[in-house]
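Shared chain: chain A. Partners: chain B in the first complex, chain C in the second.
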Partner chain A sequence: MKPRIAFFDMASCEGCQLALLDCEDIFLDLLELVDIVEFREALSETSPRIDIAFIEGSIHREMDADRLRGIRARSRLLVALGACACNGNVQARSNLYSPAGNLGAVYGPGDRDRVQTDPEWWPLWAHTRVRPLRELVRVDYELRGCPMVKEEFLHLLKRLLLGSLPHTAAHAVCVECKQQGNECVFERGETCMGQITWAGCHAICISHGYRCDGCRGLLPDANLAAHRALMRARGLSEETIEDRYRLFCSHEIDRGRP
Partner chain B sequence: MSERTLTIQVDHVTRIEGHGSIRVHTRDGRVEDLKLSITEAGRFFEHFTQGMLPHEVPWITGRICGICCVGHQLAATKAVEDALGLTVSAQTLRLRKALNESQFLQSHILHVFFLAVPDYVGVPSVLPLIQTHPDLVKRALALKRLANDYTAVLGGRALHPMANTLRGWRRLPEAAAVEAIRERLVAALPDLEETLRAVAALPLPDYERETEYVSLRHPDEYALYDGAIYSSDTGTTVPVRDYRQVTNEFTVPHSTAKWARWHRESYAVGALARVNNNFDQLHPEAQEAAEALGLRVPCHNPYLNNLAQVVEIVHCARHSIELLEEILEAGLEPEDIAYTPGPGHGYGATEVPRGTLFHEYRFDDEGRCRAANAVIPTSQNINNIERDMAAFVPHMLQHMSREELTLHLEMLLRAYDPCISCSVHMLDVEFCD
Partner chain C sequence: MDAFLASKRQFLDWLRHTAADTETFFPQPLGEASFQFARVRPDSPLRLEDWDSGTPREAFRASANPVPPGKLLSPPGETLFRFRRDPDGRLEFFPVLDDAPRIIAGIRPCDLHAIHLLDGIQSAGVPDPHYLSRRGHTTLIAHDCLQPCDEHCFCDAVGALRQRQGADLFLTPMEDGLLVEVLSEKGAALVEGAGFSPCGDREARLAWAEGQRARPFGRPLPASPEAIAGILAGSGASPVWREHSERCFSCGTCNLVCPTCYCFDVSDDIDLAAPAEGRRCRTWDGCMLPDFAQVAGGHDFRPGTAARQHHRVARKFQYLPRQMATGSHCVGCGRCGHQCTVDIDIYDIVKDLVERAGP
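Up next is the complex of A and B:
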């Protein structure tokens, strides 16, 4: 029997699933190897047994947390797909504010208060805080990045089908950036998070004239103190540095990682 | 305008293409209650953009949606430029229009061929089509790939591109790569004709409900990148900065997306609204395609939004070929895109595949974002979709089985292309009769 794989989305832009559909050239071949039992096209979410569950998005409400636990319970392997699932991505920055503060700012004080008292407006609206999957369930593998890199997805899937997990070297975007032959962003007089960010993207943003904002998350042994000093030396204020880290790595900063 | 005295109501940016449900109560053939419920978790983009620098704002708010990330980037970029008083070159304008059209091609191809066609062929997903209609699926995959490559050549990658920013391009595309895309678009035209024929043969439900059609309108071209807000009810436009008078957002308990209404109880945005409002400005080949498909304007059948999307695929392919020629003829010259962050308050709108998208930002003296608002097409359409359903269900009840009726409501929702994921699994129709 072919392995049964499934895709789910929590709070996200759903772009990582879209990136999967962008594997047009191998999409048909892929279907020869696996059975996709739940995906966007699926009308039901009740496949009783899943070999590999790919989950995109972060968890914001108890109803979503319950759904995630349910998926974990019927899945042999669970993979976090993309930055939202791995580290809460950009929306983890909303944890800087209280849930009621977020609701009040976005929907106004009337709706904010109604959510607290009116059962009809609960639990649909009941926002707690942004959490990556690993805070709630065991995650077997994390595919980082915003968006995820489809080559990494295909590599992972091949390894999973062969019964193993890929080895992920914990090196920095900086390493791949040098392999690309890019001029260092700091040499251009700007600042970059390539030194402290998980590699795997081949420094695509720097190769296109931008900087690294750390969408793949902070390396476990990243020396943030040294990096802060580098940023300060370029004239960035503490507030700007903090804001920069919190573009994509707000959750890791809050958790005191690395 | 005094920056200090302005107050911006910060609203919810929601991507509602996730989960939701429809609830239909009927009694004695009458609809007692019908609710289209959107249950996607909020992500509060409008709140957490606080403190961000101007060029970071489009880069981050593009993450609102993986399907129209280019549109969100462009609307945000225009709003930030409006706030800071930044202008762009003719080169940048051409590149942005092309980038936008590349996303229209990506999104419409995906929606029409992978999400909508299975309904009309009578299968639950695209997967069975691989066996029964291999040519259609392969052609659609090839067209999708071309559209993705088009975005990637211009923007650096197909999803969340990074080459484009305020004022222009950080790194310009290679002329040879642009030429290759142009040639592939030309080569794809016969494939497009074939798919057109396949779509023309599909049986589409015949239900009509006239509504207010809202889109951008531009004096010189079919409005996709730029224009003022046009209503079919008044036949006039209002400036983008007055968009709140248009959207009039309000909340309902069964939806975490806000709803909208303008001159009447609800309005529609999207491909059908654009084709209805601006038909004469479509590329001549796209106008012919509309005729071949039997799409005559004004069209009040929401199911035909799928055909309007096909018409726009033809328009974007044909227009892109001309636009890329212009880009190549003018040559690609690196430009100074430096800017100084500072205070301001600005508005931006662009058409995205699902309709008109509005962004608004205010920056403080240090150029940090202090207020943000975005109104997305689907939240403008949801109200109209629910009203379509309420209008059609009594008639459908007379001659359809439960299963047929469910399918037709799903197809109606999908026709609006609310956003990819919800168009496929958002519907959980519950009957209480």
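Up next is the complex of A and C:
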């Protein structure tokens, strides 16, 4: 029997699943090798048993946490797909505010009050905090990035189908900058988060003339103290530095990671 | 062997002409303040201005060149071999060797010295056929430096400035153009028909150039490379390692920009459409990277940036020189210090070690 793979989405923009559909050149080959049993972007069936579950998005409400535990229970391997699932992405910044404060800021005071008193609205209130998957269940593999990188997805899938270990290096974006032959962003007098960010993106932003803002998350041993000092020495204000780190890595900063 | 004289213009025109037949690389601007060894195309901006003190932006500086020329001999992601499992389950292997002819020109003595050291390493023990095939099909055109590239240079302190061996053609800047010395058969074949004028006073010209050379040349070190090797051997407990690595990111930049670093990692790539076929590739790795010294089970036998810095410096000044019976494997190009975003400079580390070791 072909391995059954499934895709699920939690709180996300579904951009990773779209990036997945961008793999059209190999999609037909893929379907020869696996059965896609759940995929809201393309299918409406559900399956009692899954070999590899790919989950996009972060967890905000208890009902989503329950759904995630349910998927975990019927999946042999679980893969976090993209920055939201891996580290909470930009939305993790809302963890700095109370749920009521957030609701009020987005929907106004009327809805903020109603959500706390009207049982019909209760599910909205049940939003506690933004959590990446690994805070709730065991995650076997993480495909980082906003959005995830197609080549990494294919690599992981091929390795899992062949029963061998995926080859994901835990090092900085600077490595890929060198492989791409880029000029370092600091050489043109600007700043970059590449030194403390997980590689795997082929330094795509820098290769296209931008800097790294850290969408793949902070490396486990990221030397944040040294990076902060460097950003200060390059003339960035404390507020700007905080904004830069919090854009994609808010959850890791709050967790005291690294 | 022969020597010729050419004007700079004549030389660059000839190089462009040669590049039409053979893939040729020459230093060209990269981004706002850097350089890359890029393919020479009909409209490439080729400059030799650094030989008559042009503006810093025009002058090629080794330290501002993140990918040294020798890396063209081991490109990242290269395929080592292809494999296929036949219907009976037997594996077949098909080696992949790159034998395309190439010319790399505009090489400074530090980078030439680095390629010479790599030649030794890649030929010793189990020779590396992939490197050696590219190397054998590559012609090197190097040139002398009469002035250090910039404040990062310390090539003379580590014995790299006088390097000539390994070059096929060697150029020296003259008041009236370039002295083109032929150092190999390959070089002789390449300049045949170039139309450069024969040079009858090579020795006098070399003596003139020597008189023009800056003295001291680049940053001096307070000890010889041999003495440094000795000091390093007893430096494991030195506070220098921690002091110079507290701000280190383990980003690996210093390894990857180093012209004598050659560590690599291999992985297999398998085609989804044909799972019985694939290729083994290799890419650059570096001892400063956090997962470099990790082994099965997750154990890391060099945890922390201080231990990694010690290893990196000892590789250049102690381990490889002893193992290969050569001089320093740091060629003093200044790349690692310049490219490190927190200015961790191998020169400062070594100088600090020597000074603290006392007389």
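The rule is short, and it goes like this: the second predicted complex is superposed on the first by the 249 of 258 C-alpha atoms of A that agree within 3 Å, B and C clash if a C-alpha of one lies under 4 Å from a C-alpha of the other, contacts with A are read in each partner's own complex, and residues count from 1 in each chain.
Everything below uses one rule, namely that contacts are C-beta pairs under 8 Å (C-beta built on N, C-alpha and C of every residue); 3 or more make two chains touch, one makes a residue touch a chain.
Quantities reported herein were computed from a predicted structural model and do not represent experimental measurements.
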Clash or fit, chain B versus chain C on superposed chain A: fit
Partner chain(s) touched by A:V90 [first = chain B, second = chain C, both, neither]: first
Partner chain(s) touched by A:C174 [first = chain B, second = chain C, both, neither]: second
Residue contacts with chain A in the superposition, chain B compared against chain C: B
Apex chain A: angle to the C-alpha centres of chain B and chain C, given in degrees as a multiple of 10: 110
First, second, both or neither for A:R76, with chain B first and chain C second: neither
First (chain B), second (chain C), both or neither touched by A:A19: first
Partner chain in contact with A:R49 - chain B first, chain C second, else both or neither: neither
Partner chain in contact with A:N182 - chain B first, chain C second, else both or neither: second
Which superposed partner A:D64 touches (first chain B, second chain C, both, neither): first
Overlay on chain A, chain C to chain B nearest C-alpha distance, Å: 11
Shared contact residues on chain A - chain B and chain C: none
Residue ranges of chain C touching chain A (in the complex, touch as defined): 30-34, 36, 64, 66-67, 76-77, 246-253, 256-257, 265, 267, 269-270, 272-273, 275, 283-284, 286, 289-291, 305, 339, 341-342
Residues of chain A touching chain B in the complex: 9-19, 21-22, 24-25, 27-28, 31, 36, 39-43, 45, 60-61, 64, 89-91, 93-94, 96-97, 101-103, 105-108, 111, 114, 118, 120-121, 124-125, 127, 130, 146-147, 204-205, 207-210, 213, 239-240, 243, 247
Of all residues in chain A, those that touch chain C in their complex: 26, 29-30, 33, 154-155, 158, 161-162, 167, 169-172, 174-175, 178-179, 181-184, 186-189, 192, 194-196, 219-223, 226-227, 229-230
Chain B residues touching chain A - in the complex, by the definition given at the top: 9-13, 15, 17-18, 37, 39-48, 51-53, 56, 59-60, 63-67, 69, 110, 114-115, 118, 124-127, 130, 137-138, 141-142, 144-145, 148, 156-160, 162-163, 165, 169-171, 251, 253-254, 256, 419-421, 424-425
